[in-house]
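Once you've had a glance at the structure underneath, I'll fire off some questions.
Lettered A, B, C and D in written order, each chain numbered from 1.
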Amino acid sequence: MNYQSIREACCEANRKLPATGLVDLTFGNVSVLDPDSGVFAIKPSGVDYDALTPDSMVLVDLNGEVVEGELKPSSDTPTHQRLLQAFGDAGVTSVVHTHSRNAVAFAQAGREIPCFGTTHADYFFGAVPITRELTADEIQGEYEWATGEAIVERFADLKPLDFPAVLVKSHGPFAWGKTADKAVEHALALEIIADMALKTLAANPSAEPIPDVLLKKHFLRKHGSSAYYGQG
Amino acid sequence: MNYQSIREACCEANRKLPATGLVDLTFGNVSVLDPDSGVFAIKPSGVDYDALTPDSMVLVDLNGEVVEGELKPSSDTPTHQRLLQAFGDAGVTSVVHTHSRNAVAFAQAGREIPCFGTTHADYFFGAVPITRELTADEIQGEYEWATGEAIVERFADLKPLDFPAVLVKSHGPFAWGKTADKAVEHALALEIIADMALKTLAANPSAEPIPDVLLKKHFLRKHGSSAYYGQG
Amino acid sequence: MNYQSIREACCEANRKLPATGLVDLTFGNVSVLDPDSGVFAIKPSGVDYDALTPDSMVLVDLNGEVVEGELKPSSDTPTHQRLLQAFGDAGVTSVVHTHSRNAVAFAQAGREIPCFGTTHADYFFGAVPITRELTADEIQGEYEWATGEAIVERFADLKPLDFPAVLVKSHGPFAWGKTADKAVEHALALEIIADMALKTLAANPSAEPIPDVLLKKHFLRKHGSSAYYGQG
Amino acid sequence: MNYQSIREACCEANRKLPATGLVDLTFGNVSVLDPDSGVFAIKPSGVDYDALTPDSMVLVDLNGEVVEGELKPSSDTPTHQRLLQAFGDAGVTSVVHTHSRNAVAFAQAGREIPCFGTTHADYFFGAVPITRELTADEIQGEYEWATGEAIVERFADLKPLDFPAVLVKSHGPFAWGKTADKAVEHALALEIIADMALKTLAANPSAEPIPDVLLKKHFLRKHGSSAYYGQG
């Protein structure tokens, strides 16, 4: 069996999803890329998380061709493919899609999540972005690919690791990272931030984003060359 | 003991309800129909879930006569009976009633749940319908039967499997499916959708339903002859 | 050791409180009356639930005198005493006090909980009542007794078992029943109803109470001589 | 190994944080002071809670110098240091920082938490205070120290044990107490109070704080020389 390490990382990350509280039923999937071969492992479609094994992961290349696998890959595969293509140069090797409820609320509301505090600023270098509405042609055509394209379009002027997740309008979040663990952490951080933002709006409907100077302080405390958080 | 398979399916589905988080105290019940004999099994009234056994299920026919059973059936039995009668031709063999809190909120608010996003569109082919208010005569007469009638009336122009649950105004949800597992899944999906809808309204009180083209894409991605989700 | 049966019932009910989700930290207590002797058992003040034993319960008579017990009784004892005095004739033998969060929200908001649906009507024969504000003299004097007096005053025209709980303004709920199990069930039902009511108001800020005919149908379906819910 | 007792108390309190529900990911830390030596133990930065041992705690003195420890202390160390300096005379020996979601909501909303009820009054002698916004110079300079200074400034006219927690604007809560257990209890009480306050505002957006006489009654029932709650 080839691609054993991405099979295992992908299986483990998918199996861990339910315990994070981020997924209900089977609404979530993780992919993991092997950058050298340009092949990624992804969850098979509609299979329960606790039935997953490394062998049941589906292997797909960056052109979308199934390389190995008995089962059909997640129906969201073309979105993962497009993101791994576009964000690979920035070091992204894993994408996580969930329907976590608070992030979905902002996606359904058609609102980016303002940076209301330092928890947010520890992970995102500004508001969590949201994609534009897809056109009827995009929805009726290669819908999942078009979803990926709309994300990449939204990131024309954004660095993927400065904003490690996005809200797809009317749908839900995609998150990513340099490893599967980091991608799942970003999906979880997004959900926490979205929960805090909803509660902030409940406490003060006209709450304002934090000043830029505080945003920079917190984001750069954890990221980049002058980071001083953690043991790194 | 006759009807062993529906006794067992009904017992198992009822016993699983508390773990879904959909029921508090004893507010919930499941019925399972044997379409060949026109007999259904249903939870006995007011009995704790973990005390249920296949033998304690009550067997009722589609005319509402108890066929077998020492205990009184759920007081909601006539509603189950009416739904299994009316929706049997569409393949429905199981009905679930809960007082799950977010779905109840919309039922009490007298609002259908708008289709705000793709999670909703994966399960319902439009807004989750709500019944009209019952008349005083209906309430004072055969109340539980009238509840079933009001649901069937609301579905005059709807297919039961295009909308696998309903909100009974001022009361709560009923869900159904081709199997007990599917009926419970639909009750759970409804509760998740209702939670997301409340949070969507908190993020944007004037949130709009998704466009029809996106609704069709998602519903038909999972249902009908051109479905491509899952391994089917 | 005397009063063994109320010691055991009181200990068991207090120990079960944290698992209901109704109490945080040590914010809750249960009392159980022996109607024959006019003595009730109550939780000692400020002791952790899992450290409670039947022997550590404090025995108090209906005049407020400690009959047996090494420890100080709950500081809320005079409120329990007043309720057990006043509601004993109606068959009440147990009182539960919690700071359950949704019920507290209505108590702090100074609003009774309107009967928005049938879950509520299954337990309360109308809106959940709230007490008036206490006067400065009452607060500075025998505060806990005055709290009980305000509840009894609010029930001048209400039957205790038609409304098995009350909101004390700016404070939180007291619930009661014919047994400790029923009193805890009523405290739990109140919290569920309060949660549903908050969510109903979120879905529709101008939601209306249900019609009287539906209220009567549901309450009397479970209570009184024509009840037909359960196996009784 | 020196300072064994504060190492152990600090390790135990940090390890217990996730079970309280107050921390997500690694967003939280506890410090414990040895008042005699002026040295405090604090969580190392960015380490998972279940990997902590008494030996991995970092020892820092009240001038901010690391006394013992292989790992870098929490990036929030200067805030803990400033609070332990300023509040030590009042008997404070432990500080807890979390990003608990409801308290963060008020911090992000820029609102103190009004005293809406007796649960609040049992712990805080009035509204939970919030700090002013930091200046750009403070943020770009010794940020974590400036955070501590802003808290101390806010407490110019407040006693630390009358208000055992504060909201840092745009950030989140710090709590403290005479022991680590009490500091964690105060962080938890704050989160409960914040949850109740959000729900109170949902039930009544113009809810008012409780009268002073009731605030005094409840706070002094549990604190100070005439306290009569508990067994003390």
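Going forward, contacts are C-beta pairs under 8 Å (C-beta built on N, C-alpha and C of every residue); 3 or more make two chains touch, one makes a residue touch a chain.
All of these numbers come straight from a predicted model, not from anything done at the bench.
**Student:** What's the minimum number of touch steps needed to get from chain B to chain C?
**Tutor:** Step count on the best path from chain B to chain C: 1.
**Student:** When chain A meets its copy chain D, do both sides use mostly the same residue numbers (more than half shared) or mostly different ones?
**Tutor:** Mostly different residues: under half of the interface numbers shared.
**Student:** Report the inter-chain centroid distance for chain B and chain D in whole angstrom, where each centroid is the mean of the CA atoms.
**Tutor:** Roughly 47 Å, centre to centre.
**Student:** How many Å are there between the centre of chain A and the centre of chain B, using C-alpha atoms for each centre?
**Tutor:** The computed centroid separation for chain A versus chain B comes out at 33 Å.
**Student:** Two-or-more-chain contact residues of chain B, please, as numbers and ranges.
**Tutor:** 197, 202
**Student:** Can the chain contact pattern be summarised as a line, a ring, a star, a complete graph, or none of these (other)?
**Tutor:** Contact map by chain: ring.
**Student:** State the interface residues of chain A toward chain D in the complex, per the touch definition above.
**Tutor:** Of all residues in chain A, those touching chain D are 116-119, 185, 188-189, 192, 195-197, 199-200, 202-204, 207-208, 210-211, 213-214, 217, 221, 228-232.
**Student:** Mind listing the chain D positions that touch chain A in their complex?
**Tutor:** Chain D reaches chain A through residues 24-25, 27, 44-47, 71-72, 75, 99, 101-102, 104-111, 133-134, 136, 139-140, 143, 170-172, 198, 201-202.
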